[in-house]
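Next up, some structures in structure tokens.
One chain, chain A, appears in both complexes that follow, with chain B as partner in the first and chain C in the second.
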Partner chain A sequence: MGETRRLRVDMLARVEGEGAVDIEIDDGRVTCARLSIFEPPRLFEAFLRGRAAEEAPDITARICGICPVAYQMSSVNAIESIYGLDPGPEIRALRRLLYCGEYIESHALHMVLLHAPDFLGFEDGLAMAAEHGEIVKRALFVKKTGNTLMSVVAGREVHPINVRVGGFYRAPRHAELAAMQPAIARARDDMVAILRWAGNFTYPDLEQDWELVALRHPAEYPLIDGRIASTGGIDIPFTAFDEEFEEVHHPHSTSLYGRVKSRGTYLTGPLARYALNYECLPPHIQALAKEVGLGPVCRNPYKSILVRGIETVYACEEALRIIGAYREPTPASVPYTPCAGVGAWATEAPRGMLWHRYEVDGEGTILNARIVPPTAQNQAAIDADVLAMANRHVKESDTALQLACETAVRNHDPCISCSCHFLKLNVTRR
Partner chain B sequence: MSRPRLAVVKFASCDGCQLSLLDCEDELIAVAGAVEIANFPEASRAVQPGPYDVTLVEGSITTPHDVARIREIRADSGLLVAIGACATAGGIQALRNFADAGEYVSAVYAHPEYIRTLATSTPISDHVKVDYELRGCPVSKRQLLELVSALLAERRPELPVHSVCVECKLAGKVCVMVAHGTPCLGPVTQCGCAALCPGFARGCYGCFGPAETTNTTALAARWQALGTTPRDVQRAFRTFNAGAEPFRRESESHG
Partner chain C sequence: MTALVVGFGNPDRGDDAAGPLVARLLVDRIAARVVERHGDALALLDEWREAEALVLIDAAAPMGEPGRIHEIDPCTDELPRQFAFGSTHAFGLAEAIALSHRLGSLPARTKVYAIEGENFAPGAALSPAVAAAVDRLAARGGALLPPAAEE
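Our next item is the complex of A and B:
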């Protein structure tokens, strides 16, 4: 009995960028489901060639307005690794603080304004505010606090201006950071309330068995350094990325697909970071995770909203810890001399691991650049989630099927600007 | 007017300028009450068909499809406002305008034949009539709110076109070029950022594009007197507003 309905929806909303979801249904069975990315290519890796390595943090930040700090941190560390430069513990702590601001801002935005409406049946976070006004206000306060923290440390929240090779242009004064403490403490409490609220959502029971890939650091929940680790036993330095991972280009996408060479699909992002670094979370945050229904490993992409909440609480506490111990780095940046070489680095963007590799000449001019963003790495896993959910909802109306598939994509907070951006759902029923 | 219908659309860009609207946390709920957010896919699934009273356009035109799409959006919009350096100057991706775009595609993609892109990245005003432009990479939240407030009050938005130097002096900041010999694009760059970089002991790097009247040649000479190489002068004029005429022209005299 052949079904021949065809549905086209022009845009999948509440993601950063432009992509489409294509669904093909034959005889009531979903035969193909995939995220297609139509973001116009911007060709960063090409025009980085011939630029000064010291320009890379500001230029690559423009790949993504949502996670510019991730781009600045991966690039600045990759270049410093070429120059053999260690800016020291104070500058490292300040960079970690800046990254905490981005986690707080990006996670609060995604959790409450972009993701939560899917669980509660609203079109957007502002419509949700009519019934959940207090939560939305709290989320906006958390988000604002993250943004303010980024502005105090580095000038502004979108494309911060204070990060440079060697350190910062100017270190924030102790008083400027100390003034942030009450807001960060309140944001932490607000996020705990948001987490308890989200803990009561009804979660579809989707469990996926992907290899989870994230940074791992011996002493800290990883943000800006460590080694690349996985649940499949990978434990490598950043420079060995190409030995374990590869990218494949498909005709339906302006983004590349990442895979583990020997095993295929993998997942990076909050679920992977949490599973691989659970023991680095302080016991009271582990207890909070347990309270909202999370074990030490969470493989349900819907529950990523809870993991983001846990990470946001951690980021607030980590920011308070760093500010409490803050010593202004003097000078704010360490001098360096460019030298020829190759360097690679990865940091943990809020939506997953972001790997950069640069080759520079003796004058510090970039000869080659490669950037592997989290959403490209996650594309295959996202496709598989869409396929699984499309099959579960295949007998329902196109409207219900569309929402199920959109949510399966939004679970991963894809940043399509990064991976090359538009969400359009095409359903073909034959 | 009664609640104007607002659309926010995107072309080639990083999403940072439309995110700036969501970053107005204190004003967001009030703005959402004052305008009907009819089409803002980054924030909502509820996309209403046009026409729209005001359309904010982020991003530059880089594909044949987008050349056609911006014309449709113009036809569907009362006022059309280009927001950010991509929409007003072509953005950082306009660096392809100085190179062989086909070779750029081959450098990034294993299968260049899968990719459809134009040889140039161009601002919205190259394709359709634009009513207002908000400069910046990213735009200033203050200017964004000024624009929305002005449109609600049916007045012209106040968007000054003088240089960063003026707002830097007004803010009482120390001139990084005079006091520290730090090369700064402030004298030729349009204001709007509140002289952010000099406040962080850094020279302006031109996010807001050329000011209304500029002497880029004199500034380039000053930079070289401070020890900047011609190649670095060219790089400085070729960033997020590389496609803006005064910066493009100056960049071509160096390197």
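Our next item is the complex of A and C:
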């Protein structure tokens, strides 16, 4: 007689958005385990049709409160590519600086308040704070520093308002950025301490052999430009995305599943970025990675917390470098003339590659828009991780099984709202 | 004595503006630094770290009595944290207070005033009952500050 049990958990905490994890167990065997996203489509691509292309950075920023800069950077660069616009090195550096702010705040929050409790047996960051108060304080400072940096460069920390086609509405004064340097240096040191703390966690030995996909840039750790590359040999410009990748629909999810056309499941995000761009990290940050147990490639999704820490240290140092060399762009934006065309661009959101494509007419009105967010691209890989952990813990209690599957999802810091909100866990045992 | 008053809420979201509006009215009526804040409440922890007395004014979710003023001492009373740490986008005042309490950085003299709202639609005006509550609360001026412990 097979085991028949049904467990429903109404909310998976510490992820963004609304979805569910469904697990079906027949006779002690896991027959289905997947992330089901039921949040209604948000229709941003349709909102964009008929709007002026110059509105795209501000409209798309509203897709996400945690990574609005990613949406602004992918959209603004895609539009500028249509207009043949190169805003120049000062504006590029300022945009990279803004992106550093987003990495710092997003990664610090996820690492300590959302992800670390899984490794230490706490229900949430609040419970963890009682025993790890100093680490939580450090994380809050790092996050605040990232937020402040975003406000200084782009007007405010959530849904910034300073990015425009051609550059910025206002370039920050040198003194405003220089005033940030002590805090950023302290945030870097705090993150090193957090990273060493996380280096002592016990990590499950899950290794996944996914094709890793990320931007690659010849000279620097990629944030806002480069080419799309993969461990499977992909090396293409942004405009060729559709030649290698496709999105497919599954009935249980309102988010599309990304796949490499010829090979299937792939993974984007910190593990992919790190593996494909390890050589671009300064030697002392590579040494720090080695100290906490990371090699040049990491395929264990649980250890993404460590990779996020490495990226945060890098983002702090990159921010300090950019501020040290800052030359105020004058003017803060370059003029342009709208023209008809099609453009595509990708940047590296904290959660992974974010690809945008726009078609505009001769007056600069958007005719079509497509947005492929990282969580949609990662959905198949997340499903596979949930399945692997469900199989590993199938004989344990529902509570243990639930935690294992929740953690498998949280490893990827998914932003379900971006991909199309509550994550519910449904376990059916027959 | 350093006292801090925080009016928390989005001024463009109907009754969510209650906190900032009370703060504006209190500027000349209370011996405290008065600020308006909205968005990420976690950033407030650093702001109130040095304060000896703290007053937090926020709108509360509808519970059937718009304009009712709830007074809470977070050092003794638990704030409702329906979605506590459930979402990366929703670190509200309750989570920030709870975290600060755990970290030992919440001023011992803290008072939360929560005005029950009715309509939180973007761009909406304040509901009449909430507008009246804003005036009523602000009229209390310095009496809003939690008293110092008796020697």
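Everything below uses one rule, namely that the second predicted complex is superposed on the first by the 429 of 430 C-alpha atoms of A that agree within 3 Å, B and C clash if a C-alpha of one lies under 4 Å from a C-alpha of the other, contacts with A are read in each partner's own complex, and residues count from 1 in each chain.
The rule is short, and it goes like this: contacts are C-beta pairs under 8 Å (C-beta built on N, C-alpha and C of every residue); 3 or more make two chains touch, one makes a residue touch a chain.
Note that the structure is predicted; figures quoted are calculated from it, not measured.
In the superposed model built on chain A, check whether chain B and chain C fit or clash.
clash
Given the touch rule stated above, what does A:E318 touch, chain B (first), chain C (second), both, or neither?
It touches nothing on chain B or chain C.
Contacts for A:V158 in the overlay, against chain B (first) and chain C (second): which applies, first, second, both or neither?
The answer is both, since A:V158 touches chain B and chain C.
Mind telling me which of the two, chain B or chain C, contacts the most residues of chain A?
Between chain B and chain C, B touches the greater number of residues in chain A.
Could you say whether A:I66 touches chain B, chain C, both of them, or neither, answering first, second, both or neither?
Both chain B and chain C are touched by A:I66.
Taking the superposition on A as described, I'd like to know which of chain B and chain C A:K144 touches: first, second, both or neither.
The answer is both, since A:K144 touches chain B and chain C.
Scan A:A130 for contacts with chain B and chain C and give back first, second, both or neither.
second
In the superposed arrangement, which partner chain does A:H110 touch: chain B (first), chain C (second), both, or neither?
Second partner only.
Check whether A:D225 is in contact with chain B, with chain C, with both or with neither, and answer first, second, both or neither.
neither
Which stretch of chain B would you flag for clashing with chain C, going by 62-70, 98-106 or 152-160?
That would be 152-160, the only stretch with clashing C-alpha atoms.
Common interface residues of chain A with chain B and chain C?
11, 13-17, 65-66, 109, 113-114, 124-126, 129, 136-137, 140-141, 143-144, 147, 156-158, 415, 417, 421
Sort out for me which residues of chain B touch chain A in the complex.
10-17, 19-20, 22-23, 25-26, 28-29, 32, 37, 41-47, 59, 62-63, 66, 91-93, 95-96, 99, 101, 103-105, 107-111, 114-115, 117, 121, 137-138, 196-197, 199-202, 205, 207, 232, 235, 239-240
If we count contacts the way the header does, which residues on chain C are in touch with chain A in the complex?
Spelled out, the residues of chain C in touch with chain A are 39-40, 42-43, 45-46, 84-89, 95, 98-99, 102-104.
Write out the stretch or stretches of chain A touching chain B in their complex.
10-18, 39-47, 49, 51-52, 55, 58-59, 62-66, 68, 109, 113-114, 117, 123-127, 129, 136-137, 140-141, 143-144, 147, 154-159, 161-162, 164, 169-170, 248-251, 254, 256, 332, 406, 415, 417, 421, 423
Help me check something: in the complex, which residues belonging to chain A touch chain C?
It is residues 11, 13-17, 65-66, 109-110, 113-114, 124-126, 129-130, 133, 136-137, 140-141, 143-144, 147, 156-158, 415, 417, 421-422 of chain A that touch chain C.
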